[in-house]
Amino acid sequence: MSETSFTPLSRKDMARRVAQDIPEGWYVNLGIGIPTLVADFVPAEREVVFHSENGVLGMGPAPAPDDADPWLINAGKQQVTLLRGGAYVHHADSFAMIRGGHLDLCVLGAFEVAENGDIANWATSANDTAPAVGGAMDLAAGAKRLWVVMEHTTKEGHPKLVRRCGYPLTAMRAVRRVYTNLAVLDVTEQGFAVVDMAPGLSFDDLQARTDAPLRKA
Amino acid sequence: MSETSFTPLSRKDMARRVAQDIPEGWYVNLGIGIPTLVADFVPAEREVVFHSENGVLGMGPAPAPDDADPWLINAGKQQVTLLRGGAYVHHADSFAMIRGGHLDLCVLGAFEVAENGDIANWATSANDTAPAVGGAMDLAAGAKRLWVVMEHTTKEGHPKLVRRCGYPLTAMRAVRRVYTNLAVLDVTEQGFAVVDMAPGLSFDDLQARTDAPLRKA
Amino acid sequence: MINKTVRDMAEAMQGIADGATVLVGGFGSVGQPDALIDGLIEQGAKDLTVVANNAGNGRVGLARLMELGRVRRIICSFPRSAGSVVFEELYKAGKIELEIVPQGTLAERMRAAGAGVPAFYTPTGYGTLLAEGKPTAEFNGKPCVLEHALPGDVALVQAHKADRWGNLTYRRSGRNFNPVMAMAAAITIAQVDMVEPLGTLDPEEVVTPGIFVDRVLLHPVA
Amino acid sequence: MINKTVRDMAEAMQGIADGATVLVGGFGSVGQPDALIDGLIEQGAKDLTVVANNAGNGRVGLARLMELGRVRRIICSFPRSAGSVVFEELYKAGKIELEIVPQGTLAERMRAAGAGVPAFYTPTGYGTLLAEGKPTAEFNGKPCVLEHALPGDVALVQAHKADRWGNLTYRRSGRNFNPVMAMAAAITIAQVDMVEPLGTLDPEEVVTPGIFVDRVLLHPVA
């Protein structure tokens, strides 16, 4: 298999690519890591309402250092702001938003996504006896749609888009779309369908870095 | 059986007798009818917090005609007031207070109370196909204690304290105490125990007006 | 720009389909979305399932909707009251179906629908006619009934203040079923006394966050 | 006169028994009842089950309580974080039991306890390690797990303003688990920034009504 020359997306580019697909008016929860960066790339004139598990709806960007409010953090425990139109709720109401299907979108990172939409993102092995799940299972099972943004392969080069997850599951058949540094892929009844690829990357290159069989969208 | 001369309690006297047993600090829901009158007989200096199903906690008496607020009614759809320290909640939170066992007391009227604590107070026959249950089943099953206040017999003289309810049940084994115009009775493992009787009434007179066997407390 | 305020009743009522389940807020006349009910009468959807605490009063509003033969089924806690003449006529004539639900179970079933809980156990109603045929289980010695979530296709609610994101506050006992129904429906339409500029409502005081609200119709109190 | 304010920490901590289940509010350091946790350390109850979102940080507060060997079991959603050194030591040594619960299920289980719901179904966790051994059922084609209410003997919560009836308001994201835990415990103890005269809190703005609160300890923010 011949290798063409291509440029994988940076973390910021991946976040930008996700942001591009979020229309005005959506209620969105962003996981920790690359997903958190997504908010920075939604154009200011496009109103998207960000939700945080700890009861913040209408979350804005990090505060200016002088304006930091110790009473206002996001689920990643970072200081944030509240936009005009925002509201505070308690944890059960906050997760009612998640679990009741009121969020249009949740964007999470993952260790693995399987071709049937299974996601593994909370425990790196069944032997890890004290993994931290947080709100990941609620978000994955509850949001109207779940997108994953992650590197296409591990640091060691192992595929993260797999036929079947090896790591403990976060939720079954939950993922709708995956954004990686190499491609955008939809999860369909027939497995992963490639929507978009990094410039210069060929379909065969992408398949070579993917465990699950791919098809063109 | 000889009949002694006695004075049955009036509706107000029954309400006054119930009020006498409510200590300061209790959270109390009062049903429609005689129960509603109970609030009028709690001394002003004794703080009791009244709850109404429609999301009012800390309900006060009816407003002066000039002060009537059309936005503030109780579960009986009568205009009421809110005391200092009161709060408004929505229906699910209001019934969380009831169903979660947070009310110290609920006082309801009833058609029948059985010696095992069963209560029937919402439908006068199984053939009544559109009876109105309202919050009665929630209150009867949920409050920490349920007291019933009612006439001892029907207008026709039939006993309302019975061995077994004939009318459709509101809740099983729920009633702790019954206040009637003739007596106060505890519901015990051994059935009704007479705590108090109307002046001049004998135990035998009371038993004669009661279907279930009575014992002295 | 997100703007959930609608220009007129026609826009508010758009897309309410025949056969829809409609949750109608209010307790007594307080917090009842009168204008929206009239709008629904005008709009024409039929074969409706209505969920409300009562089954209408007099011959206006909900009672009128029923009298017009547009309600196939009503789910409520207190069908028969002093003024429920229309309901009683229809019910006796076998022209309307009735499901009686304990008031707290009614609220909790809608809250469950809004919170993604498909079913839950409750002691309320156990051993009564209203629990007949329902699965039961015992928890800590307490026998319970399994109750299912009650979602709506549409919720009609009344609120006090709103903003263009759909955040809502209520007035005193006008809160009642409104916030619960707002959570429980696919489309939530709010009739409000006032629409305030975004950022005016204190984020600590918002009772129904805009995520639960789709359309806001300004209808000031007369 | 109802007066839920207590004079000192000893009165606040009265009657917390060995073996108690203690719900501890807060998310991160925001809305955490630090003073009450220190009070519990001082008070001496042991063999505790602690329910909190995290398993403590550093060697103070909850981590200190664990380090002292007073916590038999912790129920949380996010045990392992940057600062959870004490928990990890104890856990590796087999000296503390752990139950991991998805964060929303954790909140809902406590809300259920407060609302008299002994058990409910949820899709969250279905097909994962955290649902192993739990009863399942399908609703509208969605497989679900049965989860049980999680009541506390004691809740330690942090709030902003209070009055002598125990009504509480919160500060921004300091709300988090606090109102839910306040509903779920037999004894709820609130550490508050301010105690206001009765009638000062707007009845529309009270987040936790006093019915859910037993003791109020004034502990102004430093």
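Couple of notes before you dig in:
Labels A, B, C and D are assigned to the chains in the order they are written; within every chain, residues are numbered from 1.
Quick note on the criterion: contacts are C-beta pairs under 8 Å (C-beta built on N, C-alpha and C of every residue); 3 or more make two chains touch, one makes a residue touch a chain.
Keep in mind that what you see is a predicted model, and the values were worked out from it rather than measured.
The chains that touch both chain B and chain C are D. When the interfaces A-D and B-D are ranked by C-beta pairs in contact, the top one is A-D. Chain A and chain B have Cα centroids separated by 55 Å.
Rounded to whole angstrom units, the spacing between the C-alpha centres of chain C and chain D is 32.
One inter-chain figure worth recording: chain A and chain D are separated by 29 Å, centre to centre, where each centre is the mean of the chain's CA atoms.
For the pair chain B and chain D, the distance between C-alpha centroids works out to 35 Å.
In chain A, 82, 88-89, 92, 95, 98-99, 142 are the positions where the chain touches two or more neighbouring chains simultaneously. Residue numbers of chain D whose C-beta contacts span two or more other chains: 108, 111, 115-117, 122-124, 170, 172, 203-204, 207. Taken as a contact graph, with one node per protein chain and an edge wherever two chains touch, the assembly fits none of the named shapes, being neither a line, a ring, a star nor a complete graph. Screening every pair of chains for touch gives A-C, A-D, B-C, B-D, C-D. Chain contact summary for the complex, chain C toward chain D: residues 108, 112, 115-124, 137, 139-140, 142, 144, 148-149, 169-170, 172, 202-205, 207. Contact residues on chain B toward chain C in their complex (touch as defined above): 52-56, 69-75, 77, 82, 88-92, 94-95, 98-99, 123, 126, 129-138, 141-142, 168-172. Residues 27-31, 77-81, 87-88, 91, 98, 100-105, 107-108, 110-111, 122-130, 170-180, 207 of chain C touch chain B in their complex. Within the complex formed with chain A, the chain C residues making contact are 1-2, 111, 113-117, 163-165, 167, 183, 198-199, 201, 203-204, 206, 209-212.
Within the complex, the chain B residues that touch chain D are 24-25, 27, 47, 49, 51, 57-58, 82, 84-89, 92, 95-103, 142.
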